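Both of the next two complexes hold chain A, though its partner changes from chain B to chain C.
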Partner chain A sequence: MSGVLRLLGASMWRYFKLLGIQLKASLLLSMQYRADFFIDAVISLFWAATAIAPLWVVYGDKVQGKIPGWSLGEAMLVVGCFVFLQTVLDGAIQPSLQTVVEHIRKGTLDFVLLKPADAQFLVSTARFQPWKASSFLASLVIFAVAFARLGFWPSLGNWAQGALLLLLAVVLLYSLWIWVVSAAFIVVKVDNLTFLLSSVFDIGRWPSSVFRGILRWVFTFVIPTALMTTFPAKALLGVLSWAELGLAVVCTVIFAVVSRWVWLRSIRRYTSASS
Partner chain B sequence: MKRLLKMLPSLLRVGFAENIAYRAEMLIWVLATTMPFVMMVLWRSVAEHFPIVGGMGQTLGPLQMTHYFLAVFVVRQVVSAWAAWEMNFEIRQGTLSMRLLKPLSPLISYAVNGLTGLPLRLVVALPVLLIFFLLGGLRDGAEYRLFFLLPLALLGGWLIVLFAHMSIGSLAVFTGSSIRIMEVWMAAFFVFSGYLFPLDLFPDWLASIGDVLPFRYQLGFPVQLLTLSLRMEDALILLGKQWLWVVALGSLTGLLWRKGVRRFEAFGG
Partner chain C sequence: MIEVENLKKYYSVFRREPGLKNSLKALFRRHTTEVKAVDGLSFHISEGKRVGFLGPNGAGKTTTLKMLSGLLYPSGGKVLVDGHLPHKRETSFLKKIILVMGQKQQLLWDLPPLETLELNRAIYEVPMPVFRKRLGELTELLGIGPQLRTPTRQLSLGERMKCELAAGLIHGPKLLFLDEPTIGLDVSMQQTIREFIRSYNEREGATLILTSHNMDDVEALCPRILVIDKGRLLFDGSVAELVAQVKPEKRIGLRFEGSSLPENLEAYGRVISAGAGEAILQLGLGEVSEVLGQLLTRFAIKDLTVENPPLEEVMSELFSKHALTRNEEAAEFS
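After this line comes the complex of A and B, so read on.
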């Protein structure tokens, strides 16, 4: 038993080191374009402003409306989660998986499959865009403004819950992307499909209470945007029930397991283009 | 001019064939324009509970919000261009030199390229337009003559988008890449064009800023015509302002392009 554990530990440590190496490679690549950091930071603030603008108009003097059940500060938390996840998507998930699509089209995925490490791990960590991290700042600004408006600070437990749910959201997002990339084994030209999925993700901008009936169900279970942005915001507000927390965990585990299975099946289908 | 007219049919044919070849990409691009629908969901849910009053004193209920954002989707399909991305790519790769060799200004070929994508985009936009009319509920006693201004307004909107793309695209010669400038332009477009909310709902001071910027003339103004939410005299003034922007951005494009071509050295071409 202890032998198995040691083996597991050793392999975890190995993957940890591999992740470090991949990250370093991406960082070195980005260091060539240092000036981009500042430009990206400014642009991400612009985009964060466009994400907030509709809320600001809804709650503004002319309309004086509100999203049913959500005050401005609370709704801003949802947008904050949305901006955060979009950053993860643009900075870590999208660039890596874009390279898989390239590999499949050119037939160079063989070289990745030959390496003595898990292929899904290798392709998922192939490319990061560290400069996109500047829009984390944008999401932090949104969180800060939201809490200043609400006039309270979440307890340590709520922070922990919020962080856990955001982590689950990242896993969900990643699993969805694995599905899309697995589609690349069949239809080859899929970069547009990832584009489509990121526009569907836009729905996560609003608290899920704007949806009615079947749509609310779809955006909780089929395309789980409600789990990704509304639930973490609720956790930070301290109003997430244990049932909802359990739901998020179960859903995430199912999505992750299924995506791993889909990936393994797709790999088996893969016939390299060159041979 | 006569030469151009002679070339035009074949240019259009080639462009259209290209678009047919990439029809899947085009379709996905159209389907990925989900933002109007994302906004529609938000505004419908707000309008169900709170009375919202538009610029002409009309109520904006859930139905009117649906109208507004369906119109936004349709107009966005008509007034779109991607010349800036094309130009950035060709300037970086040096393939712009191929275009320069042809006996036709590259600006015109970019414009024709954009135009030939229109039929395919209309395949999706027209059903949406049909739903728009089938929903009914356009205001009683509204000024139906506004529809006559629509073709001119759509043309004006498209030209503003196209010239903006070409001006920014020309900047790539000087800066290496102008994609980031385009992103800033897009962000401003989102906020000031009426893409995210009817501009009537903007606070007055921001509305007056939006009035002098080109963005509302790209999209918001044609949408207001389509939803019949303007008075005739205001509409005519807005149309005049729109075409002032067309002329201004057209001149800017000419200027930047001429300077840019003189500077352009095909890398490795």
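After this line comes the complex of A and C, so read on.
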């Protein structure tokens, strides 16, 4: 048993080191274009700010409770989660998986598949955009403003639960993107599909109670934006039920397992562009 | 080292007729046809050997390389590479091999090649002292000291290929699959790459399989060649054997005293070219010694060379013969 653990530890340590090297390469890359670095940092802050704007429109001046069950401060928490996930998506998930699409188009995925390391790990960590971290700060600011409006701070337990749910949300988002990328093995050009998914993900900026009936079901189970942004916000507010927590965990595990399966299947049918 | 028995790879591809009407039809009902990229190849390669795959475009060379390296799953037959089934892509197998493709690159485009080498060091788990030693050797042999620190996109094609080789060899593979490694390079750079590949093979005792359109590559590097056409093995042996079998002729280069040529050169053999005081004749292997004797006694000859006909010519002869036999077979069946 201890042998297995040691092996597992060694392999995790190895992948941790690989991640470090990939991160370093991305950092070097983004620093090569210094102007881009700063411009992008400013632009992503701007986008984070605009994420909050629709709320002002909906809630208007001093009119409360336009979204059933959600005050402005509470709805801002959802936007905070949304901005956080958008940061992860734009900064870590999207750039890496975009390179997979490139690899497939050019036939250079061959090199990745011939490396003695997990191909999904290698492509998923291929590219980060570190300057997106600026909008991560923006999400923290949104959280702070929201709680200042609400007039209370979450307990340590609620923070922990919120953090856990955000982590689950990252896994969900990543799994969804793996599906899209796997589609690239079949149709090669998936730009439209990523646009579609991006715009669907945009729904995550609203608390899930704005949707009724079938739509609410769709956005919980099919494209789980509710799980990604509404649930973490509820956790921070301390109103997430155990059933909801369980649902989030189960859904995430299912999405992750299925996405791994889809990836492995896609690799198997990959026959690489002939030269 | 490499055992291949009756290896096959069939693809099914969608066949689409031209025209709008047919395209619309194809939206609903697609016709597939089977393409036999590799169709029953068998060969063995022992350790430390250099072998060249020759064949026209679409002959199945690259497909075979991809099956040997584990990128493609064979449709039939057996492949065993150093005791491994390649398509399983086991870590221990992947650490032994490298695939270098002249038309594709693994180097990170915007970063210096050294970053890719660093990444490969971590992926292949090369210990630091070994990495430093190999890096030193590769840098010196390839002459790429400054290039390793220049962003890849700023390197010339030849420099990039050298760095590509360095990135591929940093883990000391025992088995090299080289797919058109000199494509697009100038003659002197081709020479450098060839020399390097040969010295790596001799130093490390690595097995090497090379595909190339460049006959010079194959002639200079590979004592053994496998000629493939339409996924089948046409020939297995040395270049000299291939020439002897397909086109048993020699080329004689003659330089005469003075700038005039004898008048009746055609009487001695087929005249390939003739210029001021120089001529090239091609004649059957059996006639060479006799004709040479005659030439030397009858004319004042300053210089003389005897060579195999160019490999290109031999190959085109081989393929046209092959096409002919195939047509005959087809005619018999119909």
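Methods note: the second predicted complex is superposed on the first by the 265 of 275 C-alpha atoms of A that agree within 3 Å, B and C clash if a C-alpha of one lies under 4 Å from a C-alpha of the other, contacts with A are read in each partner's own complex, and residues count from 1 in each chain.
Criterion: contacts are C-beta pairs under 8 Å (C-beta built on N, C-alpha and C of every residue); 3 or more make two chains touch, one makes a residue touch a chain.
All values derive from a computational prediction rather than experimental measurement.
Colleague: Quick check on the superposed pair: does A:211 touch chain B, chain C, both, or neither? Answer first, second, both or neither.
Modeller: first
Colleague: Comparing chain C with chain B, which touches more residues belonging to chain A?
Modeller: Per-residue touch count on chain A favours B.
Colleague: For A:203, select first, second, both or neither according to whether it touches chain B, chain C, the two together, or no partner.
Modeller: first
Colleague: Kindly classify A:43 by the partners it touches after superposition: chain B alone (first), chain C alone (second), both, or neither?
Modeller: A:43 contacts chain B only, not chain C.
Colleague: Mind working out whether A:68 is in touch with chain B, chain C, both or neither, as first, second, both or neither?
Modeller: A:68 sits against chain B, while chain C stays out of touch.
Colleague: Between chain B (first) and chain C (second), which does A:260 come into contact with in this model arrangement: first, second, both, or neither?
Modeller: neither
Colleague: Have a look at where A:6 lands relative to chain B and chain C in the superposition and call it first, second, both or neither.
Modeller: Touch status of A:6: no partner.
Colleague: Which residues of chain A are in contact with chain B in one complex and with chain C in the other?
Modeller: none
Colleague: Where on chain C is chain A touching in the complex?
Modeller: On the chain C side, the touching residues are 11, 62-63, 66, 69-73, 89, 91, 94-95, 97-99, 101, 103-106, 108, 110-111, 115, 118-120, 122-125, 151, 179-180.
Colleague: Quick check: in the complex, which residue numbers of chain A touch chain C?
Modeller: 14, 17-18, 21-22, 25, 28-29, 32, 106-108, 110-111, 113-117, 122, 268, 271-272, 274-275
Colleague: For chain A, which residues count as touching chain B in their complex?
Modeller: 39, 43, 46-47, 49-50, 53-54, 57-58, 60-68, 189, 192-193, 195-196, 199-200, 202-203, 205-206, 209-211, 215
Colleague: Note which residues of chain B are touching chain A in the complex, please.
Modeller: Contacts found on chain B: 24-25, 28-29, 31-35, 38-39, 41-47, 49-50, 52, 180, 183-184, 187-188, 190-191, 196-197, 200-203.
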